[in-house]
Each structure stands twice: as structure tokens, then as C-alpha cells.
Amino acid sequence: METPEHLKYRDTHEWSKVDGDVITVGITDFAQDALGDVVFVELPEVGDEVALGDSIAVVESVKTASDIYAPASGEITEVNSALESSPEQVNEAPYGDGWMFKIRLSDLSQLDTMIDAATYDDVAEAE
Amino acid sequence: MHYLPHTPEDIAHMLEVIGVDSIDALFADMPQALHNPNINVPAGLDEVSLLNHLRDLAAKNQTPTGGLLGGGTRQHFIPSVTPHLAMQSEFVTAYTPYQPEVAQGLLQATFEYQSMMAELTGLPISNASMYDGASSVAEAALLAVRQTKRKRVVVSTGVHPEAREVMATYLKPLDIAISEVNLEQLTTSTDVISNELGDDVACVIVQNPNFLGYLETMPTLAEATHDVGALFIAVVDPLSLAVLASPAEYGADIAVGDGQVLGNPTNFGGPSFGFMTVTDALLRQLPGRIVGETTDVDGKRAFVLTLQAREQHIRRSKAKSNICSNHQLAALMATVNMAALGPQGLVELATSSVRAAHTLANKLEASSLNVLRGTFFNEFVVQTNRPATDVRRLLAEHNIHAGVPVSPSYGLGDAIILAATELTQDDDIINLVDALSEIDANIDANQVDTPVEKVLEVAHD
Amino acid sequence: MIKEPEAPVTTPITTSSKQLEADFPLIFERAKPGRRAAHPPVREGADLADLLGADNLRQSPPKLPEVSELDLVRHYTQLAHRQMSIDANAYFLGSCTMKYNPKVNEEAAKLFADIHPYQDPDSVQGALELLYNLQSYLEQITGMDAITLQPAAGAHGELTGILMIRAYHDANGEGDTRTKVIVPDGAHGTNPATATMVGYKVVEVPTAASGEVDINALKDVLDESVAAIMLTNPNTLGIFETNILEISRLAHEVGAQLYYDGANTNAIVGRARPGDMGFDVVHLNLHKTFTTPHGGGGPGTGPVGVKAHLADFLPKPRIKQEVTTDGTRFDFDEDIPHSIGRMRSYYGNFGNLVRAYTYICALGCEGLKDVSGMAVLNANYLRIKLKEAGYNVPFDRINMHEFVAQPPDGLKTLDIAKAMLDYGVHPMTVYFPLVVKEAMMVEPTETESLETLDAYAEVLADVLKRAEHDPDFLHEAPFDTPVRRLDEVKAARQPVLRYASEPS
């Protein structure tokens, strides 16, 4: 199970890649493995204002559906609409083509409350 | 009588295995205060006494003939082969097909059902059926609210009054506003609807043929609806779709209705089933079960409940609806019946029904009864000189069951809806025309028709 | 979304002999233009275009299958053979109460099949009397004061019940302050989904080590913001909530209403009543306890009973009995000023109400008591037998009408379930309730014989034995079913939801 060092995490299994005041968000390798084959991803809409901890997307496998929570507050600037036709990218490339949406942060200090790869691995192991 | 297999020896053996000395001991977890309630239900009956009792009750009913009663439920021809096949015990006594390997019978039949409903309505996605037409209208409105994120629903009063009541029950706790638009005489006016429309409207709901039996100008209503970005919901009589333009042809986003007319008996109103078909764009918002095609590990075609992540057993509080079951057996009756009739048979049923109704209307007019003229399918309105429920009762005294009362809210005065189907014979038409002429003309003598009995006491149970 | 006419073969050719068998055809694939089965009476007359206007007509007839009557009979008879059912197979689905459906019920239903909902009420007095009697019997059985027969299914009954609770709080001026509904974590999925449909926030309470609701956790969340607590009793673990009277007291102390999910009524029917336990609202699933057919998933029927303080809110119409100078007469009562409204068209799934009435009349009060006694006896016996067969029972105590087991460590419930299919036995409910890992929820019902229970336990023992001997067998089973394990991922990723005769 892979947990790239250069990303930041939430204990609800979202990763964030920071680029200036914009983060790209997806779910971790651990999370996609636990879900099994992803069959559908319900994404937020560009322009949505989201708050940290809001349930803003849903990942469905055949017999489960999991909420994806906003890892930070801000505005949705882009969503990965390719997942509508190829949801399997979440399984195949969770840190690559399986990304879900981008948020322009309302406040950069939110990044400080995210956890690093080693801490996230501990969280995942405990589950 | 009972349906229990155990002999006294079986029971003794099983208690011993469990390690208790009586059946009552198995209920020791229940607080003592709850045990042995006094339940006032009569003693059990043997099968002969049981059926005699039920026949006695049935004998207090009169069974309509001739297909003259409408209002959303009608008698149509159901070939003998339909119930024979649909009511096979493998179908009747199966559970929800959660184990697809041993449920291909019902799963495939449901896939066939979805295909037929898609074909009838022209909309590509059908669920596996719902409770009834009325609750399907309510579910369609909820779907539109979810999809558009708007909180006002515009509905024509041409939609069945009971469907509007059910929708109001469903929407009230969710603070969704309902704007009812009255008919202009017999149909929905596009101008009047347009005046109600705005960018807060989730959907417009129109029934065709409407509750009174008349055809609506669905294409212009759909266009006006789409102009404000709302969804157009067509409430349709599925049998009429054998000949009438399909919801897809006039641009509906959702088609719903009650499937009773496709092959279920009238059953005093239930069970029948509700159906819902939608455009591709609304697939993920569709409530209820859906069956899809796939393959098994050997590559054989197989069918399975799919897209289940929308449903209550997975999403729990975030499900699209709390609906858990469909009305599988009633939908199966319709599936087999449509296959039995085929396109030609279905067209014949619809065409004969329309012709019979127009013949009836012409004969009523020839007898000076006041038929309200408009383009109607197989039901239409006749104004009467007496209250509608009195007319219906007096007809029943002639052993003619006809005349759905039209609510005063339609502003048509005393009026009834009459229907005709392919089961309506010339004698049925003549008898109804004669009886109605007599009842309507005999208004001065209505004293004798008024019940003389006096109500002494009313109880609900 | 639609099936391609000749889908490219993407599945590699395997060596399985099953591969060589043709797919079972769809009714559409048996069709040939010009064939037909049924011939309805035909009335000649004017052209539809003249009567209805050409613009209102559809361009071409719907493309429905055209088959002969014998083709139709073969098709649906063979399909029936591709289907397990109670009449042919043991079907011990927990929480589903798959008991035998008496055939006399079907005879009774036929007697009433052709009456119409809009007939003059005086011409359907027998039907109304039956409904009135059934209401009264269900009141007696549940210990409630009034019943509506209108809801079309259990989940529909839940919605009816929670809507009434909301209307009651509204009437007391507490509609805005009571915002939550409490459900146990073992609840049926319909409970939280229903509460959401009525605009409530759902609060889950955990299950205690005893298998009952954690009463301390319940106390922590129970306050005057709670509109209702929804409980199943016995609960989904098959355990009677022994603190039920205390829970009722606590709920009513803060003004909350207690809702009874009647899914498990078969455990207590004739022996205890939800009304006596303190429940304010009850729904019943007539297809469970009262033997109306499951029909492969409906039509169900979900009558709802309430205590007197909620009776004003029942759906309309109600049925009233009038004692007149001419005798007794039944009619509909539409004049219910505080009613939540209508839940369904007409008066409910009448055909099923006739079946349930027939069943209750056949058994009578003593017969109903035997139902719960034998149902609980069978479930406890089978619990012991499955333990002997090598299965775990996480809450190992005297249970009610059902119990939850688990496979031995290392085995998957899904695999056990699939292996059972080859024995002609339908699996139990699997992976529910969610509070038990690898849950196998078994409910044998009272109509199964000792021999069937023993055979069922033997099948489960044999599955374990074979799994030990040949571990792969479990992952690959079933082998002898009409189709084998399905690709459910493909079904969900590329949904094909209808047959299409030509590409769109």
C-alpha cells in the first residue's frame, strides 16, 4: 500500500496535493483498496463553496457507498469529469488519474491541521 | 387450521436439544407484564368454514361488468394465459433476487419489463416498478427536486386528485411548495402554466389523458417547462401509449403512471404497480430497484440488481428514497400480458376502447345528455341533474356500475366520468344510456331515491 | 445504457463446458413479426386520427415481442424454473420471514379480484366489512387503538408512521424543536432512510455486548430534541430488548414517540403486543407474519397501528361503520381534519389484505400464538445445530425467531452462501445486521419441519467439510445453478438496463 511522502492527508482517507492556494484531492490507496472496485463517483460542482468536513462527493463500489469529505474550506475550481466514464481510475491510479476535485483554499492555515504520510499510515493501520 | 409440521415428539426432542423444558421458557426474556395478552380474535376455522365465510362476504359485493368505470383503474381484457404464467408458484413465493444465481427467472422477467416500459414511453431507463401511480408521481417530484435543487413543483389539476394528495403528503415535511394550476374547462392551458413558471420551479407535472379523460397539448407544455430549466413529468396511462405519442416524442424527462391497465385485475384498487422511466441524464437519481445485464464467470449472459448504492439498504439515511421493495408480481403480470398481446393486441385494446367511448358519448348526446366535448381518449365527462354520487348509486340499482364522481373543485357542477373499454359491448352502452336518461330526467321524483334510514352511531373500529 | 445488438465478444474463451451453452433467450429474442398469442375483442369504427387528431398519435407501434401462445408459455415456464422459491426450496432469510404461503389465501383473493375502487360503496359492503374486521383484528394483535391499511409496503408504513409522529409534534407546537430520530446501529436501512424522507436528522445508538440497545448510550442522546425512537423488537440479532419498558418510559419522559418496526412480529405474534410494550406507532409487514406472498419483492402491504393520541393523524380515507335504522353499513370517511393526507391511491393493496384476513381467520387467536412459539422453537434448535456444525454464534443466548451466526475464522460468508446454492438451499440473509462481521442471519420460520432443519444444518456442515478438503471449491461455487457468479462490477460500470432491437 502506497502513501506518497509529498502529499498531505486527513484521517478520513483523503489526500491533498498543494499547489499555491489550490489543493488537488483524491482518496488514498488504502481507501480504494478497502472499497473494492469503484463503479461510480459523484463529484461536486465547479463553483461550489465547501467547508472543511462537509460531505461533498461519493464513491460507490458494487455494495457500498462512501462519503468523501472536504479536506479544507474553499471553492471548487475543477473536477475530474473523466471519472464519470472511467471510475476504475480511482482503483488503478488513486494518486494520479484518479484525482477527484480541486479546491481554492479560503485560508492557507488549514494545511497545518492535515497529517503527513507517516501519521496517516498509522491511522490506516489502526482500522 | 394451521400450517405447523411438528409432532409432539418433535417438539419434545427439540426442547431437549435446546435445553429448556417448555415453549414458554423460550420467551423468558420478555418482561412478565407482557405475557399472555387478551387478544380478541375469533377462533380458527377449517377450510370449508373459512371459504364459506369469505364467499359470504364476497356475496355482499356486486362485480362490475362492461368496463364503464374509470378514474385511473379499469377493467380490460386479460387473457387466461397471463395469470396462469405470472402466478406460477416459483414467482409468487420467491424473495427479492439478492442471490442472482438462483433468481434469473425474476431478474430476467424484470429486465424484460424495463425494456417494455422503455419501449412504451420512449424513455430509455426504467426502474423495476414501484407501489402505484400516485406514489410514483410523488417520487418523480422528489427526483426533480434533487436534480434541479429547486423547491417548487407545478402541477396541473388534470393530474389524478389522489396522486396530487399523495404528493402533497410526501412533500409537506420537506418544505417543497406545490403550485396547483386549474384546468381551463377540460385541459391545461400552456399560458396559465407559463404564468406560474420561474427559475425556482423544479418540475411541471401534467397527466395525459388527464383525469377527466381529455388529451393535453403535451409538446407545448413541455417546451414551456424546459424554457425555465425545469423537468417535464408526464403522468401517462400506459395502455394509451400503444397509440398516443410517447412521452419521449414530446420531450418529457420523466414518465410515471399506474400499470394496472396493462394486465392486472381491478382488485378494489390494489395491488397494481407504479412505473417510472427517465432520460439517461437522470439515471443516478432514479429511486427503486433496477436490474441490469452482465455476464457470469463462464461468460454467460445474466441479470442482476444493479446501481444498488442509491438504495436504502446501502445509503441508509442518504438513500434516494426509503423504498425497499417494488411491486414485482403486479409488474410481472403486466410483462407477461404485454408479451401475450404483442404490439398488435395492445393497439387493438387501445383503439377499441377509444371507439367504444366515442360511441357511448354519441349515443348519450343523442339522448340529450350533456357530454362535455373535447378530444378525449376512452373516458369523458357528462354533466348531470343530480349529485354525482346519487347518479352512481341509482345506476348501481340498475346493476350498472359507472360514473366516477367529478369533484366540485373542477367547477363543472354535478358531473361524472364515464369510461369504455374493449370489454364494453353494445348492450352495455344501450343499457347505460337508457338508465342514465331515466335517472337524469326523473329528477323531480328524487324523494324516493333519498335514503330514509337514519344514522344512529358511527365507529371507525 | 442499452444493449448493443451484437455485442463484441470480450470474454476470453474458456475451457468451461458451460461456455458452450447458449444464453437463455429474452422474450424479444423469441419473437417473429406477425406472431401473436392473445386475441382481444375488436370494435370496428372510425380512424383514430379522426377521433384523436393525427398530431396526438405515436409514429409507430411500440416494439413489443410478437410470440405465439405456446412460445409465451414455454418462455415464462422455463424462466420460473430458473428461480428459487419457498414452494421449492428452504429459504431461511433472516428478518424476511419466508414462511409457507397458504394456497387457500389465493382462492380467497380471487373472490374479490374484479371489484372496482370507485363503485358505489353500497355495492362493496362485503369488501368494506372485511377491511373493517381486519383493522379490528390487527388492533387486537398489536395492542393499538386504530389501524390504517393503506400503506403499500413495510417501508411505506414506516413513512406513514413517521409522518404521523411529525404531524403530532407539529400539532403540539414542537414541530420545529424536535429534529432528531434515534435508530439503533442494527436497524433496517429503511429506518434511517425514512427519517430522512420526513426531514429528520438520524442519530445512531450502538449495540451493547448483550446484543441489545446500549441503554446508557441511548440516555446520552435522548432529550427534548428527539421526535422518535425507531426500534425492532426482537431486534435484528433476534434478541428481545429486555429493557423495553424502561426505554418506553425514558422516551415518553422527554416527549418522544416510540416507533415499532414490525419486521420481526413473527417472534411475538399472539404472545406479546407492541402496544403493551409502550410503542405509540407500529407497522406490520403482511408478507412476513401474515403470509401474503413475497412475489419476488412485492407487492407488500404495511398496515400501521397507532395509539389513540395519534388517531387523528391517520391517512384518509378511513373506514367507518354506521349503525342505522336499517342495520349496519360501511362507508369511507374522508372527513379527517388532521389527517396527514393520503399515502396511496384508493384503499391500499386490497388483494393482499384479503389474503392476510384469510390467514388470521384460519388460525384464530390460539393459532397465532402457536406461530410465534414454533418459530422461536425452530430458530433456537437450528442455532444449536449450526454451532454443532462448526459455526460461531456471537450472541449465544436463547434467541427469538432468528439468530446471527458467523463462519469459522478465515472463511467468507459470501462463499458459504454461494456454496449453499448447489445444494438447492437458499442462503440466509448475509452481511446484515452490520454490527456483526461476516453476519449470517438465519430465520427458519414455524412452517419448516424438524427434518428440513436437520438437513439445512447438514448442508452447512458439509460446506465446511468440503472447504477444508478443497479450499478453492468455496471461492468458485456455485457450479450447478442456471448461471454462476456474476460480474456485478461490469453491471454497475456499464449499465445495460434494457433490450434494444437496434442500435440507438
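A, B and C label the chains in the order they appear, each numbered from 1.
Please note the rule applied: a residue touches a chain if its C-beta (ideal position, glycine included) is under 8 Å from a C-beta of that chain, and two chains touch if they have at least 3 such contacts.
What you see is a predicted model; the values in this text were computed from it and never measured.
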A-C against A-B, pair bridged by the larger set of C-beta contacts: A-B
Chain closest to the assembly centre - both centres taken as Cα means: C
Per Cα centroids, the chain farthest from subunit A: B
Cα-centroid distance, subunit B relative to subunit C, in whole angstrom: 19
Centre-of-Cα separation between subunit C and subunit A, whole angstrom: 37
Rounded Å distance between subunit A and subunit B, as computed from the means of their C-alpha atoms: 44
Per-residue overlap in subunit C, given as positions that touch at least 2 other chains: 488, 492
In subunit B, residues with contacts to at least two other chains: 307, 309, 314-315, 318
In subunit A, residues with contacts to at least two other chains: 39-40, 60, 62-63
Touching residues (chain side subunit B, partner subunit A) in the complex: 284, 307-309, 314-315, 318
Contacting residues of subunit A [partner subunit B, same complex]: 39-40, 42, 58, 60-65, 67
Interface residues, subunit A side, partner subunit C - complex: 37, 39-40, 60, 62-63, 87-88
Touch list for subunit C against partner subunit A, complex: 488-489, 492-493
